[in-house]
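Two complexes, one shared chain (chain A), two partners (chain B, chain C).
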Partner chain A sequence: MKCSLLALLVCFLISCETQPETPDPNTMVDLAELRQEIAIHLTNNLIVPAYQDLSEKSVALNQAASAFSTDINEEKLNDLKIAHQAFWNCWQKTSLYYFGPIVNNGLRAGINTYPTDPEKIEANILTGTYQIGSLGNLDAEGLPALDYLLNNEDGIMPLGEFTQERLDYIATLTTAILEQVQNAEADWNNGSFKDNFTGTDATGTDVGSAMGLIVNGIDLHFQRFVRDGKVAIPAGLRSAGVARPHSVEARYGKYSTSLLLSSLNAYKDYFNGKSIIRNDGPCILEYLRQIDQPVLADQIDNHFTILIDKVELLDASIADQIEIDNEALVEVFLSMQDLVAIFKSDMASVMGISITNQDNDGD
Partner chain B sequence: MKQYHPTQLIPTAPLVHFRILFGLMMALSVVRFYYHGWIESLYIEPVYFFSYFDWLVPPGSTGIYLLFGTVFLSALGIMLGLFYRQSACLFFLSFTYIELIDKTNYLNHYYFVSLIGFILIFLPAHRDFSIDAIRLPKIKRLEIPRWTTDLIKFQLALVYIFAGIAKLNPDWLFRAMPLKLWLPAQAHVPIIGPLLSYEITPFLFSWGGALYDLFLVFFLLYRPTRWLAYLAVVVFHILTAMLFPIGIFPYVMIISTLIFFSPEAHQNILNKIKKWVGSIKPVFLPPAPIILKDGQRSDTHQETSSKNRVEGKSKNYTYSTMWSWKNLKPFLICFIIIQLVIPFRYLAYPGHLFWTEQGYRFSWRVMLMEKAGYTTFTVADELGKKTEWINNRDYLTAQQEKMMSTQPDMILQFAHHIAEVYQEKGYQNPVVHCQSRVTLNGTLSQPFVDPKVNLAAIDRDWKHKSWLLPFDPNFGKKTSSEN
Partner chain C sequence: MNYLKNFRPFYGLLAIAMVLAMSACKDDKNDDSALTLVVDETISAVRANTVTINITGFAEARAGSLTATLDGGTAEELLTTSSNTEVETTYDFTIPADAKLSDTYSITFELIDITLQRTSATTLISVEPLLATTPSTYGFERDGNTTVSYSGQNERLDMVKAMKTYLVQGDKRETTISAATLNDAYANVGDNGNGFFDFTSTKQLKDKTFAPDLDNNFMENLFAEAEAVSQAGTNASNGVAGFIERENSGSTIMVDANGREFTQLIEKGLMGTVMYNQIYNTYFSDGRTGDDVENTTLREGTNYTDLEHHWDEAFGYFNPPLDFSSNWPEAREDEVRYWSDYSNVVDPFIRSNDEIMNAFLIGRTAIVNNDLIGKNTQRAILFEKLELVAAATSIHYINESLKHLNDGQIGEAFHTLSEAWAFVNALIYSPNRRISLDQIETIKETDLGANGNFWNATAVDLNRAKDTLVGIFTELEDVKDQL
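So, the complex of A and B:
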C-alpha cells in the first residue's frame, strides 16, 4: 500500500518534469504566445491608429474653428459642428483602451468632463481670467464646453453671438484639445509602457500583465464611463430615481445616443480585434475560444449586439429619451449590468485574471 | 503498537527551531504586508468592513498600524524567545484581531497562523536558546514533553489531511477544476509553462495534489520515507508558489514541516548553531550545554538518559505546573475535538457547499474552487416610490466587492448595511433586493441570489440560506444559442 502511494507521489513529482503524452495538435496553442499576439495586434492595429485618427480629427477641429473665426457664416459654423462631433465620436473609439498612460495623463478629464458649466464658461469669456487644465476649470473646457458654445442651450447659437472674446475662447479650447491629444499620443507611442505592454508584460496573466490590464481596463471603463456616465447617472438610477437629463453627454448637440453607440460598437470591435485599418486579428474572443470557451465568446459578442440594438431604438438624445420613456434606459442599464457581470465573473474567471487590478494573496 | 506517552521527554531543539523560524517568518510577512501597501489598501482605504462580529470596531489608521506593529514586535519576541509567553499571547491576539476585521481578507493560512499562535502560548518553546533562558537561567530546559511538538504536528496534519479530503469531489477529480482554468493562465511561467496547456496536466496536478495532501503526513512521520516526503514538501510548495499568488503560505509550510524530523536531528543542528554562536559571542552567552548522542548530556545537572523518562518523574525536571500536560489535557483535547468537527459542519446544511459556502471557511479548503461573480443591489423605500441602484464601489473597494459578490454571508451583511444607510437617508423600512451572477469552476455565470427576496428582512444567522438559488452545473448549455 505504502509503496504504491509512494510511487504515485513520485509519479506526480516526475510528471512536473517530463513531457506527458503527445498532445492533440488542434487543441495545443501556446497561450502565452497568443496573449502576446493579442497585445501586439491591439497596440499596432487598434490603439495606435485610434490615437492617430483622434489626432487628425483634433487638427481638423482646429482648422474648422479658425476657418469659422475668420469667416463667420452658417456654413462654416456647421463645418465646425461637424468636426466637433466627428472628434467626439472618435474619442469614443479611443478612450476605451483604458490602461497605461491614459489612466493618469489627464486626457479624459481634460477633454470630456461633463456636464459642463455654462455659467462658468460665460464668466471665463467675460473676464478672460481662467486657467485651462486647472482642476476647477475642467467643467468649462473640452468637448462639452464646445458643445455649449456651438449649440447654445437650445441648439441654436445665433451668428451674432460669436464675439471676438467668444471666438478666442473657442480657439483656446480647441488648441488645448489638440495639445492634450498630441501629448497623449506621444505618451502612448514614446513611453516605455508600450514596449512593456507588447514585450515583457505581454505573455502573463498576473496583475500588471497586458491581459490583466486589458480585462481590468474594460471592466473599469465600461462600468464607470459607459454604464454610469452615459446611462445610469442621467437616468437617475444613482439618485433615487430623480433623473438628471442635464448630465448627458452632448447635451446641447443632442446626439448622446450616437456617442453611446460609437462607444458600444468600438467595444464590440475591441473584442473582435477589428479596427479601422484591419478587419480582424488576435483578440479576446479568439482567446476565449482557444481556452475552450466558445459559448462564452459567442455570448459576449451577442450581448453587445443585443445591447446595440436596444440603444439604436432610443431617441437621438438620451435627455429626450428620459422624458419620453425612462424605462427604455433602465433596460439598457440592466443589459449593461449583465455585461459587467460577464466581465467580472465568466471572463475573469476562465482567463485567470484578477479583476481587482491589485496584488493580493489568495488561497 | 507502543503506547503513546504525551509526557515522554524529548530534546527541546525541534520546538526551538520552530519558534525561531515561525517568529522570523511572521515578522517578515508583516514587513512584506507593509511593503505591498496592504495595510493601507485593506485596512485604511475601505469605508466599510465585513467584520465577523458587529461589536468589533475597525481600529482606524493609527490603531491598525499599532496592531501591525504589535504583530511585528511580538513575532520578533517569539523568534528571540524574549518575554516569550507574553509575546505569543500578544501575537495571537493582535494577529487574530486583524483577521477578524474583514472577511474579505480571509485566507486559510491566516487561520493556520492564528491557531499556531494560539498553540505557541502553551508551549515551552523559549526554554532553550532564547533570551528568556539567558535572562532567567532557571527556566532553561534541554528536554520537554513530546506532546508539545506533537500538537504542532497534529495541527499540520490537520491542514494537509483536511485539504486532501476537501479535494475528493467530482469537480476536482474528474473535471480537474479549477486547475484546468488556472494552469493554462500560467503558460508563460519559465520551464514548466509550456506543459501547463496540455489536457492531461491539470488532471495530474489535481490527483497528485489530492494524494499529496492526504498522505504526506504519514510519509513524514515514517522515518524511512521522511527525507523523500520532505523533498516532496519543498518541490510541491515551491511549485505552488510559482504558479499561484498564495504569498507566504508555501514557505510557512516548508519551514513548519521541519518539525517532523527527529528531535535528535534537530538537536545536532542546534548544537552546531550554539557552537557557532558561542564562537562569535562568547561573552554574552553562558556555556552551552551540549546533548550528546543517545540523550547523554555534557551539562552537569542531569545525568539520566532521556529515554523513557516522563515529565515530572525526572527529579531534575520540574516543569511549571501551570503549563503541564496534566493541567492542559482536558483543554487540549477539547481544542483537538473542536478542530476535527469544524471542517465537517457543512454537513449540517443542504445544497452545494461551494455554491452556498455554508461551512466553507475555517475548513482547510485551500485553492479549491474558482468562483467569481457580480452582485449588485437596489434599495427602495417601503412604498416603492423611490428606487436606487447601488454602486457597490461607493461603499466597497474592488477587492471587497469581488469577495462579497460570491459569498452569501457577505452579501447579506452588505445588504443590511445598505438598509441602515438608507434608513438614515430617510427611507422608511428600506427594501433591499439583489441582482447577482456567479460562475463556479468555469460554468457560465448564473443567478445566485433570489432577486425577489428582500434581503433587509432576512436575519443574519447560521441558519440555511434559503434565499440562494440552486446551483445548476449545466446552466446555459442548452439555451446558450438563443441568448
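So, the complex of A and C:
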C-alpha cells in the first residue's frame, strides 16, 4: 500500500509541475518508479536481511564448532551438525541474489564448492599446508568439506576420530566461512554498488541497470547453480547420461533435497517480493502484471509451485533418489528447463532486458 | 647588400637609374612619384605542384627592377625591360616534393623604379593536403594503384593460427605435441616450417621476437614443456604439469605445474612478443616512422614510400578488417584477428575499435600529406590505445577468472588466468608503457596466484590485480566490473 501511495504522490507531483504530453501518465513514469521500488525493496527487505541472517548463522556455526571442540560429545556434535545445516539452508536464501559484489568476491566458491575432495581434506589435516580461498583448495573447504568432516563417508563420524588436528581444521574452515560472510556483507552494505543499484541504476532496463542485473542474475544462477549444480550434473544430464551421485550437495549429511527445496522456495519468494521480514512488496511478478503480462506472471508463479511439488516427492537425498528412480530427477530437470526458457525468452523479452550471460568465450 | 654582389646585371641598371633619377630631381620638385606593387597574398597547392603568382605593378617613374626573394634567400631578377611604367607578369613557384604539410613559403617581390624608390609585396604559399579528407576505410592509392601492403604480417598471423590449431589438437589428446615441430614452425624452417604450414612464406616469427624473450627462450621452453606433458599424458594437480578438463566445454587443456595453459601462453604470448613488440619497438620506432624516414621517393619496385609502408606494417599487426569500427556486427566477427579481435571484445566498454582504427587512418592520411606532426600525434594515440586494449583485456580475463573461481571451475579458471597472464605480459613491450615492470611482475607472479602458481589464486589476490590495473589505467575505472 505504501508503494501505491508513493506512486500516486509521484504522479500527482508530476502532473502539477509539468503538463504530461501523454494522456496516460501512469504508464511510463510508473514503470521506472516501480523498477526502483523493486530494487529498493529487494535490497532493504530481502538481500540485507538475508546477509544478516547468514552472518548470524555463521557466528552460531563457529560457536557450535568451538563448543564441540572443548567438549567432545554426541550432543555437541549434533548441535554442530544442526548449526551447519542451518547455515547451509540459509545460504540457499542468500546466494540467489547473484549480482554485484558476490559475483567477484569469491564467497560462493569459498562456501559451497562441491563435490568436496576427502583426500585433499585429509592431506591438509596431515600436512597443515594449504591456502584457504585459493583455487586449488576450494574443494577442501567450506560447507561441503565440513559435511565430510562431520558426517564421514557413511554419515557417522565416530567421536574418537576428532583429533586436535581435525578440530583445528574444522575451526579453520568455520572461521574462514565467518570471515568470508562478514566481508561479503560489508561488500554489499558499504560498497558503492548498493547505492547505484537502488539509485542511479535503479530506473532503467539496460545492461547495467538494477533490473538488467536482477534478470541476468536469475538466468545465470538458476541455470548454473540450481538446475545444473543441484540436479543436472548428479543426474548425469551433463555427462552423457552417466549419473554422478557423488556430485550432489550435502552428499554426506544426505539432505540435498531439502537444500534444493529451500533454494526453490527462496526463488518463489524472490519473484513475489516476500522476505523473512516482510510478506510482500514490489516485485518482478507485480512488474509483469503492470506491463500487461498477468498471464506470464501467474505462469511463473504456478510453475514454481509445480516444481516444488515435484521436488517434495523426492527422497531426502538426491544421491539416493538417483539410485531409486533417476527419471523423477530428470522430470525435475525438464521442469526447470521449461522455467529457464520462460525466464530467457518470455520474461526477459517482455521486460526489454537483454540476457548477456555467456558460458564460453569460444576458445 | 649581399645580393648586389651576387647579382651583377643589377650594376648596369643601377647606373642608368642613378642618372635618370638625378635629372628627374632637377625638373620636378615632387620627391615621390607613384610606385605600387600588388601580388597574390596567399596561394596554396599540393606538394610537387607549381603555383603561378600574379604580379601587377605601377612605377610612374618607370620600373627599374623587379626581384623575387624566397624566404630571405637570393633575389631573382624578374624584369627584362626597364622602360615601362606598367608591370604585369607572373611568377611560377614549384612546391618541393618533400614539403611538409606544415611548411609555408614566403616570396617577397620588390619593385624599384628608376629613381631608386622601392616598394615590396609578399606572397605566402602554403602546402595543401594531397588527401583532403581521411578515408573511412584503410585504402590508399597512388596513380590508381594501392600503396598498402602488409602480406608479411598476414603470413605471420597465419603461422600463429596454425601453431594454435596444432596445440589445441594436443590439448584434446588428438595428437602428441612435438617441440621440434613447433620450433620449426616458429623459425619457419625451409619457408614452410619444415612442412608444418600448408603455405610457403619467407617470413618467420622467431626473428621478430622481443630480444630479451628470445634470449630467455620464452617460446622454446613452452614448446618443450608442452611436449613433455603431451607425451606423459598425466593429469594435472597442484605442482604437477598435465591435462585438466575445462568444465564448461568438457575438453581438456595442457597446463604446467603452476596451472598455466601452454596453448594460451604460446598464442597470446606471440601476440605480445611478436605482434605488439613489432608495432611498438620496430614500426613505431623513429627509425621506421620518425620524421627522417623517406616519404617522397618510392621504394624501388614498389608503389609506396618507406614511411607509408612501415605504418602499414604496424597496421598489419593489428590486422583488422579494412572498414573496422565500433559496434562491429556479429556476422563479421570472423574477420577480426588477434589484436583487432580483442579490441572488439572490449570495444563496447572503451570504444577501442574506433579509436585505434581512426588513429591508423588519420595517421596514414597524414603520411600521404607529409604531415609529420599529424603522424606523430596519431602514433602517440596508438601507443596509448593499443596498451589500453591489452590492459582492458587483462581485466576482462581477471573478471572471467573471478567468475570461474566463484563457480569452482578450476580448468576454466586456468584457461582464463593464462589469458590474463599473457595479456598482462603484453604490457611489457611498449617503451611508453604507463605500468611499471615491477607492477607487471607482481600481477603475473603474485596476484594471479602466490608464488607464480595459479592453484594459489584467490579472489582477494585477483581483485588486487584488478585494482592495480585500474589504478594505472584510470579510464577503465567505470567499466572494470563490466569488462
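One rule holds for everything that comes next: the second predicted complex is superposed on the first by the 327 of 363 C-alpha atoms of A that agree within 3 Å, B and C clash if a C-alpha of one lies under 4 Å from a C-alpha of the other, contacts with A are read in each partner's own complex, and residues count from 1 in each chain.
Keep this in mind: a residue touches a chain if its C-beta (ideal position, glycine included) is under 8 Å from a C-beta of that chain, and two chains touch if they have at least 3 such contacts.
Note that the structure is predicted; figures quoted are calculated from it, not measured.
By the document's definition of touching, neither partner reaches A:179: not chain B, not chain C. In the superposed pair of complexes, A:30 makes contact with chain B only, with no contact to chain C. For chain A, the partner touching the most residues, choosing from chain B and chain C, is B. In the superposition on chain A, A:79 makes contact with neither chain B nor chain C.
Using the contact criterion defined above for the overlaid structures, shared-chain residue A:342 touches chain B, although it does not reach chain C.
By the touch criterion defined above, A:56 lies against neither chain B nor chain C after alignment on the C-alpha atoms of chain A. Comparing the two interfaces of chain A, the one with chain B and the one with chain C have residues 359-361 in common. The residues of chain B lying in touch with chain A in their complex are 36, 38, 41, 107-109, 181-182, 184-188, 192-195, 197-201, 204-205, 207-209, 211-212, 215, 218-219, 222, 225, 228, 232, 235, 239, 244-249, 366-367, 370-374, 376, 386-389, 391, 397-399, 402, 405, 435-439, 442, 444-445, 476-477, 480-481, 483.
Contact residues on chain A toward chain C in their complex (touch as defined above): 102-110, 113-114, 131, 133-136, 138-139, 207-208, 224, 359-361.
Chain A makes touch with chain B in their complex at residues 2, 5-6, 8-9, 11-13, 15-16, 19-21, 23-24, 27-32, 35, 203-206, 228, 232, 237-241, 291, 293, 295-296, 298-299, 302-303, 333-334, 337-338, 340-346, 348-363. Partner chain A is touched in their complex by these residues of chain C: 238, 248-249, 259, 399-400, 402-403, 405-408, 410, 413-414, 416, 449-450, 453-460, 463, 481-482.
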